[in-house]
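In what follows, a structure is listed as structure tokens, so that the remarks can point back to it.
A, B, C and D are the chain letters, set down in written order, and residue numbers restart from 1 in every chain.
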Amino acid sequence: MTKPLVSILDGNTFVVSDNRGDIDPSPTFPTGLFSFDTRFLSKWELTVDGNRLNVLSVDDLQYFESQFFLVPGEPTHYVDAKLSIIRHRTVGGSFVEELTVLNHEDQPVEVTVRLNVESDFADLFEIKDVREKVGGTTVVVEEDRLRLYYQRETFRREAIVTSTAPAEFDRHGVTFALRIGAHQQWQTRLRVETLVEGAGGRDIRLSIQRHQSRSPEELREDLDAWLARAPKLSSDSEPLTETYQRSLIDLAALRYAPLTAGPPLPAAGLPWFMTMFGRDSLITCLQSLPFTPELAGPTLRFLALAQGVTLDDFREREPGKILHEVRYGESTAFEEQPHSPYYGSADSTPLFVILLDEYERWTGDTELVKALEHEARAALNWIDRYGDLMGNGYVWFERRNLRNGLENQCWKDSWDGISYSDGRLPAFPRATCELQGYAYDAKMRGARLARLFWQDPVYAERLEREAAELKRRFNRDFWVEDGEYYALALDTEGGQVDALSSNIGHLLWSGIVDDDRAGKVAEHLLGPRLFSGWGVRTLAEGEGRYNPIGYHVGTVWPFDNSLIAWGLRRYGFRHEAGQIAEAMIAAGRYFGGRLPEAFAGYDRALTKYPVQYPTACSPQAWSTGTPMLLIRTLLGLDPHGEHLVVDPALPVGMGRMELLDIPGRWGLIDAFGRGRAEHSRTPPGLME
Amino acid sequence: MADPTAEFFSRIEEHGPDLLPAKARGRLRFDLDRDGEVEHWFVAVNQGNVLVSREKREADCVVATEKELFDKLATGEAQVLAAYNRNDLTVRGNLPLLLVFRRAFPSPPGTRDPRERIRERFAGRRVAGERERRP
Amino acid sequence: MNDLVSILDGNTFMLSDSTGDVEPSPNYPSGLFAWDTRFLSRWVLTINGERLHELSIDDLQYFECRFFLVPGEPTHYVDAKTSVIRQRSLAGAFEEELTVLNHRDEPVVLTLRMEIDSDFADVFDARESRSLPGRTAKLVEPGRLRLCHERHRHVAETIVTSSEPAEIDADGLTFRIELGAHGRWSTTLRAIGTIQGAGGRDVRENLRGYQEAWPEKRRELREWLDQAPKLTCDSETLDDAYQRSLVDLAALQYIGLTSQVKLMATGLPWYMTLFGRHSLVTGFQTLPFIPQIARSALWVLALLQGGRVDDFRDEEPGKIMHEIRYGEPGGFGDSPYTTYYGAADCTPLFVVLLDEYERWTGDAETVRLLEYEARSALAWIDTYGNLMDDGYVWYERRSPSGLENQGWKDSWNSVTYADGRLPGNPRATCELQGYAYDAKVRGARLARTFWNDPAYADRLEQEAADLRDRFNRDFWIADQGYYALALDAEGGQVDALASNMGHLLWSGIVDDSRAEQVAEVLLDRHLFSGWGIRTLARDQAFYNPVGYHTGAIWPSDNSLIALGLRRYGFAEQAARLAVAMVEASGYFGGRMPEAFAGYDRRRTKYPVQYPRACSPHCSSAGTTLVLLRTLLGLRPHQDHLTIDPAIPERLGRIELVGIPGRWGRTDAFGRGRVHLEPE
Amino acid sequence: MDPTTEFFEALNHRAPDPLLGKIRGTVRFELESGTDIDTWLLVFSAGSVSATQTDRAADCTVRTDREYFNRIAAGEANPFAALLRNRLTVEGKLFLFSYLNRLVPGTPGAHEPRDWVRGRGQR
């Protein structure tokens, strides 16, 4: 039986344990205390008189705080536990665990409480495929602390364990020999400090104000302030309000401060992606602009600062290119992994321009648009120069880092993400359809920026001309005549990679779809092959590689669906957009309002609940942004000049929706909407 | 030697009303097998009154078991439901009627009134009703 | 039991791990059980020798659920190429439909195997898994696997068949299957358990409802829900709890082997059989909603009323049964539980329910027909119940394997002095005296109104009044300001502070002058955790927040206390208790367990689970219904229903439509007006 | 002249570069070789940058050994990776250090992506 996992996080420092609170190395899922892509605790195992404990219940108090109620031995009916243990933990810079042992007996007891502690200092990359460490780990037992450190040349990471109550430390953990009086309790606070060594043996991260260890109180205040700034949603649909609240909190949880920039940015997802991803961050910011615009500015600045200026094959870096991923672990530090940073994605560059424009439309922050003119132009140039590998006006990708670069440099980046209808894989380079959509949108938006803020009408016209040509060419080359949808990609011979996929939904969002074809596209998206009833599948049922539990070839991705709904709305398919929103919100309900990275593509008719995708990342930034974009879509929010246009289209049964204090260039404004029919609840026993 | 089964039936014919609910009514037949030879006991219960005969007549509830076991039931050594659960006693027809009739079976031999034991144990320790309050 | 998955149908249930597999465990009775006998103790699915892992579980109905599985340990980024859907249902027989999906673009050959075994253990032996006397055989027959256990004339059998051809061996079924690209394959496995009765037939054959197919069940469930009053309220939590409770009450019904009427199984997994106490309490709780539950409880318990003195079964004439078991050990006299009578509270409660039942339904016929049994019950109170000849109800077990404590708190350590000492036997716990008092008062009404015996009525009322006086003299601890938990054999006060006192309010034996003090103590922080009232106060020697009867919180206990508070006019306190319970139920998906831990609410965000508590449990399900009754202040008054709502503001509007009773059907409506501080 | 000196000298002949945006600030480099340490001072002022060997305090100090900085200056080593493994340390304003990424050359022999695609034959 796979035990449920419990995680708490504060930016890219996080703890994942089993539901007893124990950490035990597992190859399939990273449990441990992690910070900056390094595992600082690989074992954190509590025993009482040598026995593991069993969980009665788990309180998830805050994203950075949880509490476990435990008893010794396997719980059995009718036999009462004489002891119980409460394990209260928080993470905020450092990891603090408060242990309380309660004696329920009428006489004193003597117990030995022990924590087994180990660290393998694994780089996150080494957890998926374990390998021999090059450096060495040293354990130092001191009077009042246990120090574990790892050294490889100048690279040094250290974990320091201390306890407020007297303890015996040894090489493998810490022991407390206790005598607890009748109905008394014993308590200690264990603290685990992590050290990423930099100048003068001090922690590199000290330069980041945000990194300083923060108390639960500070974190709580910070969270309250964050929630107070966000628009207030009130709605008849409990699942919707639930998922909105959850999303706001998760997005707060995922904020982290990279080494080089001040204000926090959204990390991509727990546990595999607790770092900056160009694509994920840009899309999350697009989704959340109407709600938490404070993320977009810093994200744009950071990505601009890290924009490529020179060529580098190992890192797939090119001038003007926006990064794919930054990592801070050992394998990156020693240039075995290319993530310092890695640039292997073809979509983050156009998306950078798109966000910059959308950001200005909402916030009116012309300063930033002017400040980043050079970077925006460099990005637009990249599209035509380095993106256009085949010199035929499309954006292509092919990796130059053959060791550990990504094969597919679009959002569906698993090896089998791009295939023909019959399942064959096309040769490289590949030009996926959504990339062309993004490029088109980037040019159109770039034109607006050039005209309004860069005083360069000539450049603006040129961009618009190029965009128009691209759209014409695209509708000629990508349209699959007999299937009446857009091909997933073009291959090097200009042939159509003809699988039917969710990517066509992004085309609507970008506006590259010819108006007379939009209807067909919408039909496909909501048709039985793509729409599972819980959402649009990444790949249509019946395609060669379709697999309802395939990462990019059949599962349903919430963020994907949010962009599709937005696109449908853009082309006036109000009802269809509502259908997708309804499905997502309904699905969210079964994940406690927290939409995961992805879930299985089985037909809704077949499953009462959306089926989990094995070990999907959760929370995941752009899944967190999904409910927000859906709300924007349902209410039809769009900035026009200095005003916010509201044009609600709520599905039947969603009832009333009210979004108050939407921030933007207009100050704060409210939006209202109402679904036509009231929704009725079925008793739990009778759900079909 | 005496036949516990026969004694049992003659006793309930006499004391039926004290043993059975006033409103109890119905006809039971007990088919008791002694090495292949079956003897029948027919019992008609009406307003608690009991008429016993040895006829093999139609009944609402027919109970089949071994004579040997029934002798044990008749003396209280065995219990009806336990016998039924282990399939040593089978029933056709109106099972609830047997449950009503169950009240007629005696206690296990040597059973005493629980209150007597208590009285002995606490003899002289206390007089009912009068109790000194302890702080 | 968060990591276990159960489906049930009356006293038949299947309890497996979260992948649907069954392996014997010492800590809980996993497997397919019916009539207290385990018919499947092993039911493990493998593909090419590999165990499966769950993606998710759909609980479709109480009698059917579905597992989505993949072979091997699921990992990120590596897509499973096969998935398995395992859909099971219980309706008489156990059926499991296995569907294997091939997600590859090419054909694949797989070996699917179901490992099968049965130890035919009694539900209690399942704990110690000791092997039964008698012989067990595994017979491989054409098209089926037959497992049988034989002990003397007692024969239990499990027969497993498959709709698709299988290779059958003594330890299970094997399928070698070939699936096309994206193909699917499926088979339906059927396991039937039988116990041989008259003429080798399944003793359960003649029972109505047994062997129903599940579409039939679905229809029955709809009808059941349609009969119950409709609730509309602002609180989704309350609504969930109400719906869940109605469904669980339906789920727990089974048809009695001997009585052949619908009975209430008590709690999954340990108590899937009739308990006198719980069916009486549940009958009482559900009267305003589903009166037939009370009706069948009264009838079956009357039928099984004690008829003789039997020390092994703690049986006495007129005594109402504690518990009935159908397992083999009972049959062979290894255990007294075939029909066990070791309970001192069931007998008075029987009379209490009979009267309450008539007040709601006006079914005088039943009251007349059960006169004899009711009188025998009342007689028991003064004779066998009155062990010390002092007019109180006492208990002391005579059966070596009987229960030490024969009140509702029946674990060994549940009756103690404040300092933790255990009193000697016999013991007279306070709530028993309350029940006896109430039984006499109600019995008097029945005698006068229906049995035409005013003399008897007068006598009962006289006795009740005396009892009330005596009780308030002997049980009241003046310096503490609460009632003793019990009296010991010397007449000393067993002075632990426990929830039992709340029942005294429900029975009406408390002097009006003391009611206020009692209510205060009940809602004081030592007893009231913020989620509910603890079985034992926080400052008592034996207190243990995870102690079954020494600190845990029992919903059913709280429901009777709420009724008691209402009876004495403490509407606000009752509302406070009710809303706490409702909020707790929210964390159990509306399904209140048998009990949960007694930690202070300030300390826990969620109510903490009691280890392996029974769930669903009939009188916990009944509790939600009592909470509604309490909040709306429902009381039958001759031929009318009186309504007197006391609803906390944060529960908002409550509307209960179609409340059945002697008045036909009527509605109740109330709005949140009581202001309470958050706990 | 070693790569380090070349690198810094070249900065002085560099035309004002939009890459540097509007940043102002000073970065001090301490490059030790054996016993002696030679220092360089970068001065960013509104789009232009100058490098001198003056020895004075700055907003941000970068320390490593000369031999390793030669590799950075030649585009062979990655400054950010060096920071992560503590091969190079930074004190003061980290964001100024990150502009170093914009000044150092690309990796020697890196391919123009289009050439890479065309040149597939050779691989």
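Keep this in mind: contacts are C-beta pairs under 8 Å (C-beta built on N, C-alpha and C of every residue); 3 or more make two chains touch, one makes a residue touch a chain.
Keep in mind that this is a model prediction, so the values were computed, not measured.
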Chain labels contacting chain B and also chain C: none
Centre-to-centre distance between chain B and chain A (centres being mean Cα positions), rounded to whole Å: 75
CA centroid of chain A to CA centroid of chain D, Å: 33
Chain A and chain C: spacing of chain centres that average the CA atoms, whole Å: 45
Numbers and ranges of chain B residues touching at least 2 other chains: none
Contacts with 2+ other chains: residues of chain C: none
Residue numbers of chain A (touch at least two other chains): none
Arrangement of touching chains [line / ring / star / complete / other]: line
All chain pairs that touch each other: A-C, A-D, B-C
Chain B contact footprint on chain C (complex, rising order): 151-155, 196-199, 203, 258-260, 303-305, 307-313, 316-317, 326, 328, 330-333, 338-339, 369, 371-373, 383-384, 386-391, 396, 398, 426, 474, 489-493
Chain A contact footprint on chain D (complex, rising order): 18-19, 21-22, 63, 75, 77-78, 80-81, 83-87, 89-91, 94-95, 97-98, 101-102, 104-107, 110-114, 116-117
Contacting residues of chain C [partner chain A, same complex]: 3, 17-19, 26-28, 53-62, 66, 68, 70, 73-77, 79-81, 83, 85, 101, 103, 105, 182, 221-222, 225, 236, 239-240, 243-244, 246-247, 250, 270, 411, 413, 420, 541-548, 550-551, 589-590, 597, 599, 603-614
Complex interface listing, chain B residues touching chain C: 19, 21-23, 64, 76, 79, 81-88, 90-92, 95-96, 99-100, 102-108, 111-115, 118-119, 122, 125-126, 128-129, 131-134
Chain A to chain C touching residues, read off their complex: 1-3, 27-29, 54, 56-57, 59-61, 67, 69, 71, 74-78, 80-82, 84, 86, 102, 104-106, 128, 182-183, 238, 272, 414, 416, 423, 544-551, 553-554, 600, 602, 606-617, 681, 683-687
